[in-house]
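Right, I'll just put the structure down here and ask away after.
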Amino acid sequence: MKKKSRFLQTPIEPFAVEAGLTADQVLTRMERISFQGRNLATAHRIWQKMLQDDVTIFLGMAGALSAGGLRLVVAHLIAHRYVDCLVSTGANLYHDLHETRGQSHYLGSPTADDAALAEERIDRVYDTYASEEEFCSNDAWIAKFATTLETRPYTTREFLYLLGGHLWKTTGRDGILTAAYRANVPIFCPAIADSSIGMGLSQARHRDATAGHIDVIGDIVESANIVIRHPRTASVVLGGGTPKNFINQASVQAEFFDDRVGGHRYALQIVTDVPHFGGASGSSLEEARSWGKLATDAEQVTVHADATIALPLLVSALAASAQDTLAARKPLAFDPSGPAMAVNGRPFPPARFEAR
Amino acid sequence: MKKKSRFLQTPIEPFAVEAGLTADQVLTRMERISFQGRNLATAHRIWQKMLQDDVTIFLGMAGALSAGGLRLVVAHLIAHRYVDCLVSTGANLYHDLHETRGQSHYLGSPTADDAALAEERIDRVYDTYASEEEFCSNDAWIAKFATTLETRPYTTREFLYLLGGHLWKTTGRDGILTAAYRANVPIFCPAIADSSIGMGLSQARHRDATAGHIDVIGDIVESANIVIRHPRTASVVLGGGTPKNFINQASVQAEFFDDRVGGHRYALQIVTDVPHFGGASGSSLEEARSWGKLATDAEQVTVHADATIALPLLVSALAASAQDTLAARKPLAFDPSGPAMAVNGRPFPPARFEAR
Amino acid sequence: MKKKSRFLQTPIEPFAVEAGLTADQVLTRMERISFQGRNLATAHRIWQKMLQDDVTIFLGMAGALSAGGLRLVVAHLIAHRYVDCLVSTGANLYHDLHETRGQSHYLGSPTADDAALAEERIDRVYDTYASEEEFCSNDAWIAKFATTLETRPYTTREFLYLLGGHLWKTTGRDGILTAAYRANVPIFCPAIADSSIGMGLSQARHRDATAGHIDVIGDIVESANIVIRHPRTASVVLGGGTPKNFINQASVQAEFFDDRVGGHRYALQIVTDVPHFGGASGSSLEEARSWGKLATDAEQVTVHADATIALPLLVSALAASAQDTLAARKPLAFDPSGPAMAVNGRPFPPARFEAR
Amino acid sequence: MKKKSRFLQTPIEPFAVEAGLTADQVLTRMERISFQGRNLATAHRIWQKMLQDDVTIFLGMAGALSAGGLRLVVAHLIAHRYVDCLVSTGANLYHDLHETRGQSHYLGSPTADDAALAEERIDRVYDTYASEEEFCSNDAWIAKFATTLETRPYTTREFLYLLGGHLWKTTGRDGILTAAYRANVPIFCPAIADSSIGMGLSQARHRDATAGHIDVIGDIVESANIVIRHPRTASVVLGGGTPKNFINQASVQAEFFDDRVGGHRYALQIVTDVPHFGGASGSSLEEARSWGKLATDAEQVTVHADATIALPLLVSALAASAQDTLAARKPLAFDPSGPAMAVNGRPFPPARFEAR
């Protein structure tokens, strides 16, 4: 009998339906199918590996995931240290704050009459609504909080830690900001000026010319220092955007000062954008290798799917499959409470990249 | 206190992660999130309703789902009568036959060296491989079978029933064609000429000028007659393509002869195409209403997702949540074995739309 | 000075705006930009090369291009032999016939009230409307024509030639079907059963059980024979679908009988689908190489764009840049008028692949 | 004769091919076709109207347009005041600076061997390459420039004006930054921290703890003040991202302080993202109405296309069709040279939204 081609080694195993399968069983049965289903199963496997390895895991979050019902999934990832550092758009943190303050987003329709919504001051995010009035109250709440701070620049990391603390003390409710505060997980928000948190800060400035100073360049230094301190990292990206690039930039910037860095050891991204229009959100993890954002031998996978489908399934599966690994995991201990962050008790040098 | 806007009725309920959730529990928790996650949960609910209602359910199937590891999901849907009639591309039936004949598709890479693959005669479907040699043996097998048939035109429905029967008798293995044969579920393949089954038939013709006559126009008549016989229908579409339109066409054509028809009562589609380029695959179910393909009050949902993610989760959930409904369901009894199909014991008029 | 990397050879040349640029000047200035702009400029260059080379050029056409205002672009391509053989969906030919018969499609809105449209029997294709009543009159017109044919199976190629002839004689108007009739350019429609032309044929069958017999398997044989007769081909694909695969299938099927074939020498596709969901419409031209659909050294390009933007620009440019080439071109002379097509005066063997 | 439906008013006019058509003639012939082709023609018409009306036109720019060969198109738009204010990602400004400094991006391949590229320190952006070494020299150049500034926070608007001036004085070359400097067109870069310009600034900080202070919250105040000063605006968005939202935020924030604002009067966006995943980049202009980002009666259009195809055609057309309008246009005169920007000679209040 003729020898099989070297290309024909592992047969596709068709997915076998069964009543009562759990999320992790569903993903396990998807490991040998094709296309994005296989990729999602691979993401499950790679995330498990990350958690077993000695790496600092960055989570990037773009798209309206908080408004869209995934904020407690992200809070769960933070609280149980599936991830060690969050990079987010401002909107996701703002919508999280909105709900943690006891307000809601609402089921809506993508074919709504937007003139009627505008009339009633309802803001629409595809199939989801929110009250503009409540949004304005958030802005004022943020502005008021910002005017209580010292008159010096704050990195977004420090500001968001303090904001999370204030939110936790006022509400005692779970959410992304409060979970990060309680778990000492740093949050960076590089595009904070492009969000309603930024609008709140600008209203603080309006009231007090010395308020609302945010040091986004300090964030660059500090995010790179996290990588330099422990030059083994992994990247989990939901939806592209500024978080995706900022996480990669931290790695590239760190390598500039420390040649042990060498890019992320693992990378997974769940995106709906495609590579062929050249934008960063859709850029492939292969391309990331050319930049040194990713180690040449890194395990990586891109899942082309809406996070509102992929993430609930993936994290429900991990909650079961990674339970023991999470219990045994010893991630870096961050102290994000002051002007200079500390890692495992040792603070970063202020305003400098940490020399090796 | 001010009254809430009429638009702000049902709050988003953030997905709550928990270890050990089953597929249907995951989908239930996705009902009040947003975007495609909510849509997939809605698809679950609509399919349950279809099964409880007295409707004939068409399943359309395009995209490389059989090669991609979903053929046993579709076979399960047929065997347990989650659906009553399949409309498929030729490729999906061919790749099903390929595996039912004991051969495999294989895990591959989307960044493979295609010249090297061509050298070894490996055919690639994105991240999945198959042996061209084995494909040629299928073609010959189909050609040989076709030459055993009578020298008259066969609708694809009749031909595929006979092919499924031959396959079942030769292999005794599960698959789409064999499940449909055993469950008397008719299969239509309107674009059979654009597939390797068509190539097999053309090779039969090459051997015998009287062989390989397929009557695709007869399929139009018969598919409409299924609707006329019981003018309450539903449509489940995976991936658009010719199956999507053929199912709608059956309804539109039926209405031309019987004004009780009025379009599908339920419709769900899992597609990756978008409406704004004007193609039928991505066309919205709203648009379908203008054509009368869909009843004006039909419950419908479009899920923008790769079926290799959405379908395993959705059908795993249904296998649990619809178990009792399926047991109690009394669908039409088809006899697809002869030149004219019979429904509940009464054959269709040959070569005619059934007058009311 | 350090030597430049071998990867850094040809600089991007930013597009320079100027008033009065013609279409071909615009495309020429896009040759050294990036992403899909560069790809469209490459498509322009590759199509010019095809026309200079001794190849038979297949054009595949899917998506609602005729309803969407591109039917006279396609008619122009046929009349002036930018292409030699058309493979189309049924809808594109039907919508062409609709306008050639003196009726119109209309500007509409993608956010229309579809219930109101249904009420007035207006069919919507995204942002374009048509009258259902006029569509029904087309169906009847086709049915009536079909009942005038002999009671034998017709390939779609023969049927569409006769339909185009009848249309030309009745209307004297330009369009795809009439241009193809007049230029003796064969048209194949592998999924004719999935279209309103198919519906018209099924109504002919309803009136007369012996009418409306279409031999789609004969089309497979004949399309492969076109390749065998002159085994140097090129493929231009608009929008994927059945035409894309049917053109490739002709090449693959031909190679089975004649090893000179070796796949298309040139290929260009303008598609909006993506490869990573595994469907044929979005499949890459790299992947096509593994199947032998494309010669290993073929020049090829995929343009990810809506054809309603790309095609008017591309063909307007070619109309200027390829004028002399078109005048000098000596394509195969087809006679598509009879049961067996003839090429350069020599008919194909009936019901057989042409042996070498 | 029966009356036509009110829905069937304006027939589709098929595009008529002709040799020698200019860009604006091509777009004019696309006005009555369908889908994205029609939308691009509508964008042409809407931009012409904007230029004739008394509105301040914001241009948003995301995606790798500068690296991809469109920087001189954008520079042209700025120099000739097709637009009045630019909001950009950092990368687009950085890649512009890269070329203005006399360096290049290069034609590359999307299927390159990224390990080999990494080896030679070539960075890939889909099908385009750049030298990492040259990038590092830019970073150092920016860092050095930043250390020459006063030790106070700079808005991105002020910083980028000074950077453009320095670039113009050093190179005398055309580009986005230099054109904006010369035309006194303000540039905002809300996510500057997520870019190589930010990396350059962080290296300035590393050298000098008092350097590299950017006041992104000041940008929010100032961008809103531009709207308040002249509350009639228009928005042209390329590719979504932070620029899209920042432009809308300026309008929303301005309205909070001045009820004359009422959203943009005109809006056009060229995007490849879709609305149904809920992200801001793909969000529809209909949805923008619910937020008051867009006036309820605004003329608006979304073109779903890669900007590398759509923009060269669109701006080439405008260069001819809008020539007279541009000559007659009297836009606001900005002075972006100091800590507080001035409009028509009158400076904004420092650190405050301008009260009505």
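Read from first to last, the chains carry the letters A, B, C and D; within each, the first residue is number 1.
Here is the rule we use: a contact is a pair of C-beta atoms (placed from the backbone, for glycine too) under 8 Å apart; a residue touches a chain by one contact, two chains touch by 3 or more.
Just so you know, these numbers come straight off a predicted model, no measurement behind them.
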### Contact-richer chain pair (by C-beta pairs counted) among A-C and A-D
A-D
## Note on the structure
Interface copy of B-D among A-C, A-B or B-C, with over half of contact pairs matching by residue number, is A-C
### Query
Using CA atom averages as chain centres, what separation in Å is found between chain C and chain D?
37
### Summary
dist(centroid_CA(chain A), centroid_CA(chain C)) in Å evaluates to 45
### Message
From the mean C-alpha coordinate of chain A to that of chain D, what's the distance rounded to whole Å?
### Response
27
### Task
For chain D, write out the residues touching at least two other chains, lowest number first.
34-36, 64, 67-68, 111-112, 117, 122, 125-128, 274, 276-278, 286, 304, 306, 308
### chain D partner contacts - residues on chain C that touch it in the complex
5-23, 26, 29-30, 32-38, 40, 64, 67-73, 76, 99, 104-108, 111-112, 116-117, 120-122, 125-129, 131, 286, 303-306, 308-310, 312-313, 315-316, 319-320, 323
### Query
Of all residues in chain A, which touch chain C in the complex?
34-36, 111, 274, 276-278, 304
### Task
Spell out the residues on chain D that touch chain A in their complex, using ranges where they run on.
62-64, 67-68, 91, 110, 112, 114-115, 117-118, 122-128, 132, 136, 153, 190-196, 198-199, 201-202, 205-206, 209, 212-221, 224, 239, 241-242, 245-246, 249, 252-253, 256, 272-281, 283, 286-287, 289-292, 296, 306, 308, 350-353
